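For clarity, chains are labelled A, B, C and D in written order, and residue numbers in each chain start from 1.
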Amino acid sequence: MNLYEYMGKEIFRKYGIPVPEGYVVEKSADVREYKKPVVVKSQILLGGRGKSGGIKFAKSQADLNAAAKELLGAKIRGLTVTKVLVEDMVNIKKEYYVSFALNRSERSPMLIASASGGVEIESVPHSEIFTRKIDPLLGYSDFIGREASKFMKFDKNQSAQFRDILGKLYKVFSEEDCELVEINPLMETAEGQFIAADAKVVMDTDSFFRHKDINITDPEKTPLELEAQSKGYAFVELDGNIGVIANGAGLTMATLDALTLHKGKPRNFLDLGGTDNVEIVAQAFDLVLKANPKAILVNIFGGVTKGDTVANGIVEAKKRFDIKKPIVVRLSGVHEVEGRKILKDAGIESFPTMMEAIKMVVKVAGEAQ
Amino acid sequence: MNLYEYMGKEIFRKYGIPVPEGYVVEKSADVREYKKPVVVKSQILLGGRGKSGGIKFAKSQADLNAAAKELLGAKIRGLTVTKVLVEDMVNIKKEYYVSFALNRSERSPMLIASASGGVEIESVPHSEIFTRKIDPLLGYSDFIGREASKFMKFDKNQSAQFRDILGKLYKVFSEEDCELVEINPLMETAEGQFIAADAKVVMDTDSFFRHKDINITDPEKTPLELEAQSKGYAFVELDGNIGVIANGAGLTMATLDALTLHKGKPRNFLDLGGTDNVEIVAQAFDLVLKANPKAILVNIFGGVTKGDTVANGIVEAKKRFDIKKPIVVRLSGVHEVEGRKILKDAGIESFPTMMEAIKMVVKVAGEAQ
Amino acid sequence: MTVLVNKNTKVIVQGITGHQGSFHAGEMLKFGTRIVAGTSPGKGGTKFQDKVPVVDSVSEAMAFEPEATMISVAAPFVKDAAFEAIDSGIKLVYILTEKVPFHDSMEIVHEAKQRGITVMGPNGPGITVPGECKIGIMPNQIFRQGDVAVASRSGTLTYEIVDHITRSGLGESAVIGLGGDPVVGLTYIDVLKLFEADERTKRIVLVGEIGGNNEELAAKYIKEHVKKKVVAYITGRSAPPGKRMGHAGAIIEKGVGTAESKIKAFEEAGVKVAEFPDDVPGLLK
Amino acid sequence: MTVLVNKNTKVIVQGITGHQGSFHAGEMLKFGTRIVAGTSPGKGGTKFQDKVPVVDSVSEAMAFEPEATMISVAAPFVKDAAFEAIDSGIKLVYILTEKVPFHDSMEIVHEAKQRGITVMGPNGPGITVPGECKIGIMPNQIFRQGDVAVASRSGTLTYEIVDHITRSGLGESAVIGLGGDPVVGLTYIDVLKLFEADERTKRIVLVGEIGGNNEELAAKYIKEHVKKKVVAYITGRSAPPGKRMGHAGAIIEKGVGTAESKIKAFEEAGVKVAEFPDDVPGLLK
């Protein structure tokens, strides 16, 4: 999960990475006395905030008040600004890029650095980017920083500051269970000091059991997605008209693929995961229905999740939520026969294969009002 | 280097290992108001302080004042007590032993635990001691604590407390660069709480460059040994009459062995280490002479330390310190010929082999007044 | 020689008395897997299903000379359990658990690799060699012995495809789930090497998904090293860019790791790519 | 086949421009060691003694295909330098530096071992194979090619004994200093295996000292596995209990690791133990 810039900078500060002096404001009235030029930055999880008007510069108290007032509550590319970070302005000499990220194919951390910072790293030519695999058992060690410094053509003083930051940034990456820690731009001031002008920290949500202090809701999720998350479902909203319930991420994706290739349009999808609980199945319908689809497709390959459990859950949901919309079910695998019988007795159509079910649900969704 | 109990406990506290409430006193006037029964413990680096009268119990203000007054300044087995630790008394239910130590032959940490604590671990039968090698790359992990808990026959609650302490103790061992971290006794109170009643922490002096906060002098060293240490020499005082200067720990030991087997009695020995500096050689004589030996044996096998450098150092020392005592030199290896010539020109006797030199020095030391 | 396990493989289950552990251990016993012991701290001395000895630690379980372990403990305790297995020197470690922090997985996988230990998972369905041994959670009844080896990042989708293969009249020589997490023990390339070396295996199915570049690396490896017939299926074609699809692995990473890129890589390597899961058996024949 | 190194072994020196590094690199060149490059961050592009290329990092030095490295940097930087060598995959890492924290050495040694990398030292004199290669700090002039292999925990004492061997008319097939620290890369047993397998070696000298139980383990190993003649010398007989003798290794640990225990173990294994260093050649003959 992405952390807000100000949260990332709090972590940086804790680890001794230099960041500009600043404070967070939620109400424009809380803006402090103006002392020197500041930058007022919307705390939203979007790249290119500057271009979208989310960053203002203030050279007087009036500027500062106006910037905070203007930004707080504003909508930037669909996201409402609830917090701004007011930070001392620094005199920029040069901007660099540096990050540690997981390289999935190597299953190892990777250091990425470039002397061309302040822009999206994807837009920088490959020849200007230093990348280096970190052996996860050896971890980051100073020699890696020396290699990077040489690539960056740093002098002794620059290299010392840069390597100090690299060592600390790797500590953040590993101790805070991050998928990505990025400083862009890493700023060199006119006075020759390196300072993290921005902070992008992406944490592994699976590690939150040991980071109890991190308590934010994912701003990229819709309210319904957040509700589903709190109930333990993987649930994503889309813009079609067929609600999809399946089990397992791979099968769920394959279901969407097949549906799409058959001209069906998913309204959402919900991954039941592995469950053997009728209530969990029934509750899933509640979520899917809230998005108001025209029909519901259930695609289950029974394993841990057994066919009869799913069938009972569907029957329970139909009754409890008084579902009138067409439900098309595919049931295979463990307890397939029992499940299909339960559904048949309740008047719900079911198929043994995914293709049959998909063709049917596309048909009924097209017919439904 | 051994840390005092109170220093070890400060470290324990920092890592969350429960220790009794307490404070350190250097002057008996600084004893605080008596509130509940306390134990007053001499801060000296000796086992069996209790038996030697170094630990007093106080059940009143008068007791406490008297104990502090009596212990501070007292000599216990040759060591002067300069600090006492005043600690709340705990109600003992049972005493355990636990430590992490370096196992040299395995080159790995080892966990040692026993339900028979409060006595020297060497006196506990092997069958009552749990030992387990720790893979230094995997580190301590909870499963090791579960194995130990089972051996100790702990119930669930005891095991949970014990394992929590083990995890933290291992962190002390590795993060504080320890050779040994020992809790003996690890006390279980009448209320069922585990608490470190003593703390033995032995730190690796070679790691002190990254533990700048540790700043104690080794109480096991004599003043002359400390002076030598501050000058960078390995120097040990003994009780004979021949001062020994050699280069390299192995050769130094072999020199002492050969000297002893030839009935010579070393007064001290100084390991020059690897040096190519005349002044370092000369300064070594200053130290050796301060212990007032009857004769001085110099045994050098030249490598990094070159024969001519040593010879020049000896000549310089003889002149500077006006040494009248016999100096017997053995010089071999790199620049042996040059060195022996320099010595000969200065009237100092030298030999090509260790045995000749040793026999000679034993002879002249016997003759000297 | 079979792939990784056979009917003699001695297996332990770490966490055999837990909800998941006990269910799947039971299914594995039905499949014919030789479970020699299970661990459950504090429950040592009891028996699972009146026959499998339960002990307190892997160290004690080593008396049964296990060659493989299935770890089924809650995510926060997986690293400890895996280190326990590694420390004891068990050569095949399968981690059933999902939601393991990937920094833990990274340590587990690399420490194991250094010691010549194979890790499967976390968050995968395990391995099944029909007629021999199952370690994991795949449904017993979908398999038939045969010559098709299947490797997949996903669980239920694997069953779907195996089921089609079996129903088509073919059978499986080995089915391995790599695991759906960003960091898992086995790569497609590791598994391709095993499949290529396995005498029972004549045909190979790779089930891939969007995200990462492991499928692209596998395609390159197939082109250069694999002589057996390979068929692939890639899921996530319809995934909207930037939306997580449940798996951490299934993120479209700004143009890299798209379904298109993977399909293209496979096709360039001479691997036929199925449009739907039920197309797989047809392409294998 | 020689022990660990031969005249073709390509060696780099990490820290070649330092006081110690440059002196010993010079001596090694005189000995005939094939130093292909040296590292010194910031000094890349220069030459050592007008012939050995100096580069900024081991990564760059890999262009010269080194098989061994000598690390001569200050103690606080040894771990970084050793990890740099390990990360690059150099197969023989010798650490000259003394006063390395043993927790660092422990990590270095074990990480290296997992990767099949041999570590010598820290705080040892290195290895010399007369007529072939020297990596380390032993004085060049004391050697003569021969059939005696010597392993020792100490530096100058090794020279003393090698000098006696050479002066007696014998010569050396290999001399290895394990290092005087509590944690070093090689054990006597590791070295005994190398000596036993080495065709040039006919006789073996082990130089031990008080502290630890490595000599006792070596004695046991010799009894069971070593066919070649072994002579030992143990130093520290006169050491007062509890007094450190300069080496961290040389502490009398409450009755364990005494000179008596080591001498007894060797004698029981049929190893003759010299009373004085100059007795060694006589016992070898």
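Operating definition for what follows: contacts are C-beta pairs under 8 Å (C-beta built on N, C-alpha and C of every residue); 3 or more make two chains touch, one makes a residue touch a chain.
Small disclaimer: the values here were computed from a predicted structure and weren't measured.
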Of A-D and B-D, pair with higher C-beta contact tally = B-D
Chain B to chain D: how many Å between their CA centres?
-> 27
Using mean CA coordinates as chain centres, what's the chain B-chain C distance in Å?
-> 53
Averaged over CA atoms, how far is the centre of chain C from the centre of chain D? Could you give it in whole Å?
-> 45
Provide the list of chain D residues touching at least two other chains, using ranges where the numbers run on.
-> 111, 114
By the touch definition above, chain A meets two or more other chains at residues 135, 137
In graph terms, nodes being chains and edges touches, is this line, ring, star, complete or other?
-> other
According to the definition of touch, which chains form touching pairs?
-> A-C, A-D, B-C, B-D, C-D
Of chain D, residues touching chain B in the complex = 20, 23, 75-76, 99-103, 106-107, 109-111, 114, 125, 137-139, 141-142, 152-160, 163, 180, 182-184, 187, 207, 209-214, 217, 233, 235-240, 243-250, 254, 275-278
The chain D residues in contact with chain A across the complex are 41-42, 44, 56-59, 77, 79-81, 83-84, 86-87, 111, 114
Where on chain B does chain D make contact in their complex?
-> 102, 104-105, 107-109, 122, 135-137, 174, 177, 179, 204, 206-207, 209-210, 234, 236, 238, 246-254, 256-261, 266, 271, 274, 301-304, 332-334, 353-355
Where on chain D does chain C make contact in their complex?
-> 114-115
Spell out the part of chain B that touches chain C in their complex, as residue ranges.
-> 135, 137-138, 141-143, 146-147, 150, 156
